[in-house]
Amino acid sequence: MASEEKDGTTRPAERPLLVLDDVYAGYGRAAMVLRGLSVKVPPRTVVCLVGPNGAGKSTVLKVASGLLRPREGRVVVDGSDVTGQGPQQMLRSGLAHVLQGHSVFREMTVEENVLLGAYTLRDRARIAERVAFVQELFPIVGERWKQLAGLLSGGQQKQVEFARSLMIDPKVVLLDEPSMGLDPKTTATVFQQITRMRDAGTAVLLVEQNARRALETADLGCVLDLGRVHISGPAAELLADQRLSELYLGGRPRSTA
Amino acid sequence: MDGTLLFQSLVLGVLLGGLYAILAAGLTLYFGVMRVVMIAHAAFVILAAYLAWWFHRETGLDPLFSMVLTVPLFFVIGVLIQRVLITRLRPATLTMMSVLLTFAIALLIEGLLGLFWSGTQRRVQLSYSGDNFEFFGARIAVVKLIAFGLAVLSLALLFLLMKKTRFGLALRATIQHREAAQLVGIRTDWVAGIGFGIGLATAAIGGTALSLDATIYPSLHWSWIGPLMAIIVVGGLGSIPGTAIAALVLGVGQSLLQVELGTTWAQTLFYVALFLTLMLRPQGFFGGRLAQRF
Amino acid sequence: SGDPRGGDEDVVLIGVSLPLTGDFSEPGKGVQRGYEAWVESVNRDGGLLGRRVELKILDDQSAADRVVQDYEALIALHEVDLVFGPFSTRLVIPSARVAEEYGMLFVEPAGAANEVFEQGFENLFYAAPAIANDHYDHLADHILSLPEDERPQTVAVASMDDPFAQATAYGLRDRLREGGLEIVVDEEYPPNTTDFSSIAAKINASGADMVVGGTQYQDAVNIIVQLQQLDYQPKLAAFSTAPTNPEFSAAIGSRTEGIVSPTGYTPDAPFPSNVEFVELYQEMFGTPPAEDEANAFTTGQVVAAAVEAVGCAEQGECQERLVDWLHENEVETIVGPLSWDGQGRPEGAHLIQQYVDGEIRIVLPGETREAEFLYPKPEW
Amino acid sequence: MPGWVRPAALAVGVALVLLFPELVPNAYVLSAGVIVASYACTATAWSFMGGFTGYVSLGHAAFFGMGAYGTGILIRDLSLQPFLAWLLSGLIVLVITIPVGIAALRVRGASFVIVSISFVLILLLVSQAWEAFTGGANGLNVPRPFADLYRPDHHRIFFYLFVALLAVMLLTWWVIDRSRFGAGLKAVREDEDKAEALGVPTRDYKLAAYLISATFTALAGGMYALWFGDLDPIFQFSILLGAYMVLMALLGGVRHLFGPLVGAVVVGSALEYFKLEFGDTQLHLVFTAILLGIVVLFMPDGVIPAAGALLRRFGPQDTSIREITAEELLERNRAAAEREGAAAGRGGGKPSDGSGETP
Amino acid sequence: MSEAAKKPATGLETVRLTKSFGGVRAVDEATVAFRDGRINALIGPNGSGKTTFFNCVTGMIKPDSGSVLLRGKEITGRPPHRIARGGIGRSFQLCRIFPRMTLLENLLVAVRATGLRQLLAPAREAEAIERARGLLVRVGLDHLENAEAGAISYGQQKLLELAGVLMSDPDTIMLDEPAGGVNPSLIGRIGSLVRELNAEGKTFLIVEHNMEMVMSLSDHVVVFDRGRPIAEGPPSVVQEDPRVLEAYLGV
């Protein structure tokens, strides 16, 4: 796929921070989910993965963050081959992953949840600074600081999760449907943060079902189907493609009625 | 009941409660925090008591010194059990299957104890086993006081470890959402293993304390596991202070009831308390998390 | 494994199930040693009816369901010629039923409680001098013979909830109560009790002059230690079974002095077969035999007497003849001559032993005593 | 597998079971057969609760013991005909289980395990302490229903009685397993709250399963009492007995009709063998432990499913992902939509701008 | 009389429904009515009490005060299964399926049964299987019929849950974020499915943050904020309401 293009602001042909090369992966004895998948995420870029349910998007992120070992293929982070390493090593190589669905620590307080986001950090001042930042970004986090996270509403939990992932500054961020369950206002905040991270030099691999919105934010887009990248290209081009819209982005609003 | 007997029973109850507390502390750690129902905990306690007895018989040294060996040994065994066995269980059925798996471990320990040291009842023969001193008209046995002291000390350590260290945080996170914990950089397999090791280390301490003033035999653990389970439920699963308070209350209660009702009926106190707790306050009386939901 | 018969017709195979593990393993092993000593002695003398004797021992783990399966296996699977009884009243009743229903003679060394003899068994014989309720008869006689002001006035009783243990303690308790002593504590605890501090506290608080324990083994050790911890000093302390166990003095340490216990047996008894038995036992195991060992040996003697008299030892009709013979005859044993009533009760009494100068000695009744009865007992 | 295999296997199995008393070499093996049959009854009875609803009870020995003691006490105190006493005692346990079940089923998961363990421990204490009623530690003697039988004949009769009881249980199990009631119970096993939201009256269903399970266990216990004759608190109300039920059911596979039965045959014979061969040491405990450990770790669904999985390993791999792309799918759906055209038109005809009414 | 008959009947109604958790008033004296036969939407910012409202209505939580009425009949505080049998089906926001059953079995469980005869009737009856397969096709999961539900993707689980609710054939269908995590092309199909069922007479109550879906699908929208309704009306009206713009859409 194309890695060096578009958006005149970024310099071309920068070395990608995350590369998945011809990856095959699957769960247990079931059939392979990813079959020869390749993705590259350059720095200062948001790559958006879209595709039908069950296409393997989450699986891609799991392989990238080391939660799932690929059966074949390579995972490269910032130039070094990290295939088969576990999540802790991946995190050390500068890669963070926010899971799909709900992954707060339900029986721990919001405070503990957020501080666990900084588990690898030792610098107290920095942690305090970050805490202040996420509390401001998501007011609910500050308001419910001492409450058990599992008692928050669905969307509030997602906010805590996102806040948790903002505690560190990774080189590569994998986001699995960060906007799911969030109200429109908060969704906007989340997408702002994604842009901010991108602008700070982070490579973002974003999976979204809110595909229009995501592609509007993203630089590059990949359409995943049957465990392979089906089509990829600049996000704007994908958005413009009538047929793709119909297939994967739900057509135009009201057009199905 | 006259005053001295009442006070004597009270004193005995407090001392007994201390022992209950340390024996139950590990159990609440696995159960409340790690969601493993560790039926074999009492078996490990008895194993530790056997090792203390054996150590004393072989070396002639005070059985308390056996802890130098048993505490690290149990820690390692705990880590291994978690890393080799418990991790193999499916998360969906962890609670149920852990009951059966640890039941098997309990049987295994019982069987091996019987194999090596026979079913005979054993008792450490200490020169000071009958020593006692007066305390406001009651008598306190030296051995019981030592056991009580050990319990208090190790409970305090355990509490600090869980509440004040990063380890405690990491352990709880690991149990609640393993993948998410991995993704914030926690080495989940080691954390869970070490948590288990610590639980078993308390069994080593508790077992040694027990061995000072009790008779042991391989199947003894069955008579301990019931009361210990009741204590951790009443105290609130996962809550160490809760466990300590429940242990003291039930220990004193048992001690006092025994005078009026006799030992058999007095033992039902634990189960009555257990049922009442689950009916009225499933989260336990002294904090801790909801007992009924897993 | 492997069938020890191996088609060998020259062997008399005797089946036993014993609690080698579990709650009763301590006495169970004693019984095993007694049986082994008896086999050794019989074989040295040329066997039974000229055939060598072999034992087939199974472990019932002190469990009733096991003991039944064991006798079932011994009789139906291993096809033993004779069976001996197991240990403990609890186990004797179910196993006696198996033997009864297979028509086997059942001589047993341990089922001493009254219940055993009330089940209507016709093939059962208890091979010891007295049933449990009568164990303390000599002690009761002695206490009641003391002048009023020297007697203990108050008695504390604690007994394990076990037919045998209770029978011994309650036999004494009832006689003392009839004799006018006051029972100030009467406690009962289940066999799996581990914490005796409350019982001890209660006994201590009552300040009873005398403490009676209906005990097996470990419970006695525990009660005594707990009483010591409370600094309770009775004038008389009697515990069944435990003090006669060779491990007892090691467990209590130097503080056994004056503790009393009934026994059906003493190694020093003058009966001729006993002298031989003690010698043989010493040779085999290096220690003098205790009561359980002796009862087991007695069991062997009783069965041997019947077999030799009737002239057969196999399953089937022979067993009936053995039973009939025992009902009608007296047998000379290491505990003296034994005879039984219709239910298999022996008709005798136990001796009373006491730790005197660190040794357990017979102190009652007067004619057989090896030492003076220590009363009041020294502090422990 | 051809269609005739199942019925044929079943017929052979039934014939073997019925002929068993005639085939055994001696009365001991027959008595072991009675024990295994009683185990099969208890394990199957257990799986009505543990299998369907996933509520693992380690305390089913409580019902076994109550059934046994109930039978004995009814015969002793009311001089009832033994089998009448047996049925009545099953009924009494059923009644007692109603309040117990309502209380115990308020908690789930591990707490339920604890409650079940405590239930059996309480009954142990009560049966020991309430001497006047239960005979305490002296035990309780249950008179033989058939007087003066030679022991092997006694075993033979009871073998058939246990098998008949087992047949009733298996039939009940089969009916429930394929019913909507069974489906509701299985939903409880997976996610109780969700099941409730779908309209499954979870509490009533659980209670019903618990009652069936308890009553059958009690009937097995009562039968055992009539066969065995001597009851003792420590052995009737033991956790180990409850654990054996779980082990057997689990080993065979709780989701299969014959799972607990297979488990009981395997474990029951193994236990009997271990105890006979290694009974003089504690090795039999070690063997039991290892067996349990292997089952839990390597075949948590039991031998029957494990065997099935092994067979399937040689078959084709399962697929779970769609083998057509979204594009092809769209075409297919389009075609389908066109076919349904008219009907869809009626449905879609409703004004969707919602301007029709104001509240 | 005839006037009332013409108007769509008020189906689900709450009167001053209140539920607080500690200090948080999750639902605060909410008085709302949803008419039968409509597609109603319930929107509001995160934490505004929508899910709690659902839980109170379906009996999963006991409200502190106030009442829930279904066609005029009080159902407050009834156990969830009774409410479900009364014809209210719901899905969960944090999707709940039976993970160790196949997709088909998941649906078969949802068949309602009452009375002993029905209870003991076989669960895998041909008619039910037929219906279940039909639903699986409609949510695009037919190829996974025999897969274990725990092994399908997050979005697929949401679809399965939706199918399960439909399978139980309730009159009133309450969906908590049915579109969350679902592919946009499928959202369209779910929309037409909802409309179709609505035409057959089903009432819907949908909580959703996907504005496109809410606006295109619903007849009536209720907006929640801090546990109480702040606006309601047809989508086009609500969309313009300044309070809604302020509190929810954040523009």
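A, B, C, D and E label the chains in the order they appear, each numbered from 1.
By definition in this document, a contact is a pair of C-beta atoms (placed from the backbone, for glycine too) under 8 Å apart; a residue touches a chain by one contact, two chains touch by 3 or more.
As the structure is a computational prediction, the values presented were derived from the model and not from experiment.
Minimum number of contact steps separating chain C from chain E: 2. Between the contact lists of chain B and chain C, the overlap consists of D. Set against the C-alpha centre of chain A, every other chain centre is closer than that of C. Set against the C-alpha centre of chain E, every other chain centre is closer than that of C. More inter-chain C-beta contacts link the pair D-E than the other of D-E and B-E. Separating the centre of chain A from that of chain B, both taken as means of CA atoms, is a distance of 44 Å.
Distance from the chain A centre to the chain C centre is 78 Å, each centre being the mean of its Cα atoms. Here the CA centre of chain B is 32 Å from the CA centre of chain D.
Residue positions 30, 51-52, 54, 246-248, 257 of chain A each touch two or more of the other chains. Contacts with at least two other chains are made by residues 114, 119, 218, 222, 262, 264 of chain B. Chain contacts: chain E has residues 99-100, 140, 144, 151-152, 185, 189, 192, 195, 216 touching two or more partner chains.
Interface of chain E with chain A (complex): residues 21, 44-52, 93-95, 140, 144, 151-156, 159, 177, 180-189, 191-192, 195, 209-212, 216, 248-250. Against chain C, the residues of chain D that register as touching in their complex are 26-29, 31-32, 35, 125, 128-129, 131, 136-139, 141, 149-152, 154, 228-230, 232, 234-235, 272, 275-277, 279-282.
On the side of chain B, the complex with chain D involves touching residues 31, 35, 37, 85, 88-90, 93, 95-97, 99-101, 103-108, 110-115, 119, 218, 222, 225-226, 229-230, 233, 262, 264-265, 267-268, 270-271, 274-275, 278-279, 282, 291-294.
Within the complex formed with chain E, the chain D residues making contact are 175-176, 178-184, 186-187, 190-191, 193-203, 318, 320, 322-323, 326, 329-330, 333, 344, 346-350, 352-359.
Within the complex formed with chain A, the chain B residues making contact are 166, 169-170, 172-173, 176-177, 179-187, 289.
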